[in-house]
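Each in structure tokens, the structures are laid out below.
You will see chain A twice below: alongside chain B first, and alongside chain C after that.
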Partner chain A sequence: MLKIVNEHPQYILAKVEIAEANLNYSDQFKTELVSLLKDKGRIVLLNMEQVTYVDSSFLGALVAGLKHALGAGNDLALSGLQKDVHDLLKLIRLDKVFKIYANEQAAIAALDQ
Partner chain B sequence: MSIGISKNILLVDDNPLFLKILSQALTTAGFSCHTAKSGCEALDSLKAFKPDVILSDYEMPGMNGLEFRLQVLQIDSLKEIPFLFLTAHEDEGIMYTGLNLQAIDYVLKTTPFDVIVAKLTNLLHTVSKQREITEREIRKTVAALNIKTVPAAMPQLNGFDVDFWHRSYQNIPGGDFIDFIDTNNYLFVVIGDLMGKKWKAWFYTFTYLSYIRAAIRFSVITGNSSLANTLQQINAVVCQDEGLADILSSLSLVRIEKTTSRVIYSGAGDLPLLHYRPDVQELKQVKSTGMLLGVLPDGFYTEQEITMAPSDELYIFTDGLIDISSGGQQKTDYRYFANQMSGYFQLGQSFNDIKYSLQQQAAGFTDDSSIICIKKNSKHA
Partner chain C sequence: MNTKQSFEFDNQASSISSFSHQLLECLVSRLMNHHHDGQLLFKARYIIGELLNNAVKHSGCSKTVFTLTIENDYLTIDKVDEGTKLELMNKASYLKNGVPTLIMADGLHELYITKESDQLLSFFCREPQNEEVTIQHLHEHMGLLIIAKAADRFTYSFNSPVNTFTATVNLS
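Let's turn to the complex of A and B:
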């Protein structure tokens, strides 16, 4: 459910290939995300444009990934959030812990600086 | 078979004709079929789809059925899905190897389709029954340990009516939790949502609740009057507890002072509260600044006083209530829920009416759902 799109020396671009990101996927997603962070040892940028819904278990998996990344001196950033998903992150203040970019291009531009 | 048993099946076979005919027979019997022409294709579709049962051919070019089974067993979220092999002929050697890979059964391709359908139907029925029994056991264990994640009774408080409604998703305890902590001078209202409902959720919920109760009691004993400080202490303990690594929770904490009737609020990654003022018919959001418990060592917690006039109502709720299903799609929509609440108030409905409406909708909820209403009495100055 996590597809690597581009491997850059400083970061990895990966696409989340699920529409309804719920409890059924959160465990597997967390495993994939954490192993990606471990294997690559770089900033991971997730393209979330396919995701129309996230439930709390999936948010938990994203935060677990972020904690893992920060603990290893890296980061986990999000891009292409659909409005509902972005609104939910803002509602519960997770927009303050994740770097969020409008789209992949904007994220790359910021990461390349 | 009882209504409501999920019947999603993944069929894997390199023979397109067999795949088509079996898929038609199963669809007619009420199954929802996904098909794959190879093990690789099947693994690919399993990335985005979790079936209730997998039926896979044994002899396939490239990755054969056993290799496919081995791959599935490597994936934690998929390895428990019942798996059956299809074979063209009886071969004891293959059967033995396959059964060692926790395949439930073999189905010969020469078996009449109605028998295959009956086999799969019975299998899913058994799995569903087993799940029911396990859930019942968990509920019994939790009851025996006297672990309550919602209170049995409403608190009594001079000047306020406090009431709540809670619905546990699939009736498994854990997830949302509610507590009322009554001390000499204060009533503390606690509501939170442990993120992600898992089998062990009730255990983590109980650990969280223990920390929350202890921190609140300590704050009272030590005369620490800052709610934000109490939240920060809870967060610090949670962040340091290795047993709670990656277990996050939202928390809304409201303290009502008995002598002054002051209402103080602090929140951790919770949804904005709704404050309804009937005198001006206004519904206002009350936002907190704090981060979910367990995310960062410093959670940026602050507190605020909510000025409540007589007859004002304050609603605190968890995210299960803002999930809606629209056109078969799941959505999260806080504004929709706020508008719904606004509609109830315009009709002059009480919290009892709202609880009744929620009860009517509850079958469609896909997560734990909880809401607390704090109403200031009309006669109270």
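Let's turn to the complex of A and C:
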């Protein structure tokens, strides 16, 4: 579900490889995300361009990942959000706690600064 | 044109996606002759999705009936089952009618219930201003919050043994 596409000394780029991120996948996603954060000990950037829908259970997994990342002195950032997904994050104000980039290139440019 | 249509859900997580698409396709066809902004289907999709999650995770029964009603410029989504009573309802006897009670706060939101009668609770949400957000205190369970924010009115009623969640969205 989470595929590492690039390992940089400061960050990991990973792609979320599901379209409908709902209850059926949230537990597995949370396990994979927390493992990735623990194992790599770096900032994780999730490319979510394939994701057309997220539900509350998946958002909960993202928030759990963010807590884990920040608690360890790292971060969890998102890129490539489709309009409905971005609108949902804005609706419940999670855009105020996640760093969100238009695409992977924009995220990398910000992280490289 | 006023319309009403009901659908039976089997409360299985594996059915969420197909059932949600079935309801949304119905809505799209029923709304063809109604003027509405682009946000309506966005709101309906997330309300339906979270009510389905609620059915799978909390109903404790094998069947839930969803009813979509379009009437007088309002879309109403009802979720009805005869399963487990919402735990918050157990606290309702201690609440005063019409007085909001805070049930969740995390710096981004405050979620309240108001007892409207012995059988009816309504939910509403407030966004605190200038509140310090502590990431470690953020809530990870956001289903009721999403519905309360997407709907113009969101209620829960219990008339033993029937649980009914009702979300209403103004079409205009």
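Everything that follows uses one rule, which is that the second predicted complex is superposed on the first by the 113 of 113 C-alpha atoms of A that agree within 3 Å, B and C clash if a C-alpha of one lies under 4 Å from a C-alpha of the other, contacts with A are read in each partner's own complex, and residues count from 1 in each chain.
Basically, a residue touches a chain if its C-beta (ideal position, glycine included) is under 8 Å from a C-beta of that chain, and two chains touch if they have at least 3 such contacts.
Predicted, not measured: the structure shown is a model, and the values here were computed from it.
Annotation: superposed three-chain arrangement on chain A; chain B versus chain C shows a clash.
Of the two partner chains placed around the shared chain by superposition, chain B and chain C are both touched by A:97.
Once the two complexes are laid over each other on the shared chain, residue contacts for A:1 go to chain B alone; chain C is not touched. Contact with neither chain B nor chain C is seen for A:74 once the two complexes are overlaid on the shared chain.
In the superposed model, A:52 makes contact with chain B only, not with chain C. The partner that reaches more residues of chain A, of the two candidates chain B and chain C, is B. Of the two partner chains placed around the shared chain by superposition, chain B and chain C are both touched by A:23.
Two complexes overlaid on chain A leave one chain B stretch from 41-49, 113-121, 275-283 or 293-301 clashing with chain C, and it is 293-301. In the superposition on chain A, the residues of chain A contacting both chain B and chain C are 20, 22-24, 53, 55-57, 59-61, 63-64, 66-67, 84, 87-88, 91-94, 96-97. On the chain A side of its complex with chain B, the touching residues are 1, 17-18, 20, 22-28, 30-31, 52-61, 63-64, 66-67, 84-85, 87-88, 91-94, 96-97.
Residues of chain C touching chain A in their complex: 13-14, 16-17, 42, 45-46, 49-50, 53, 56-57, 108-109, 127, 133, 135-136, 138-143, 145-146, 149-150. Interface of chain B with chain A (complex): residues 47-48, 50, 75-78, 193, 195-198, 246-248, 250, 269-272, 289-292, 295-296, 300, 319, 323, 329-334, 366-367.
On the side of chain A, the complex with chain C involves touching residues 20, 22-24, 53, 55-57, 59-61, 63-64, 66-67, 70-71, 84, 87-88, 91-94, 96-97.
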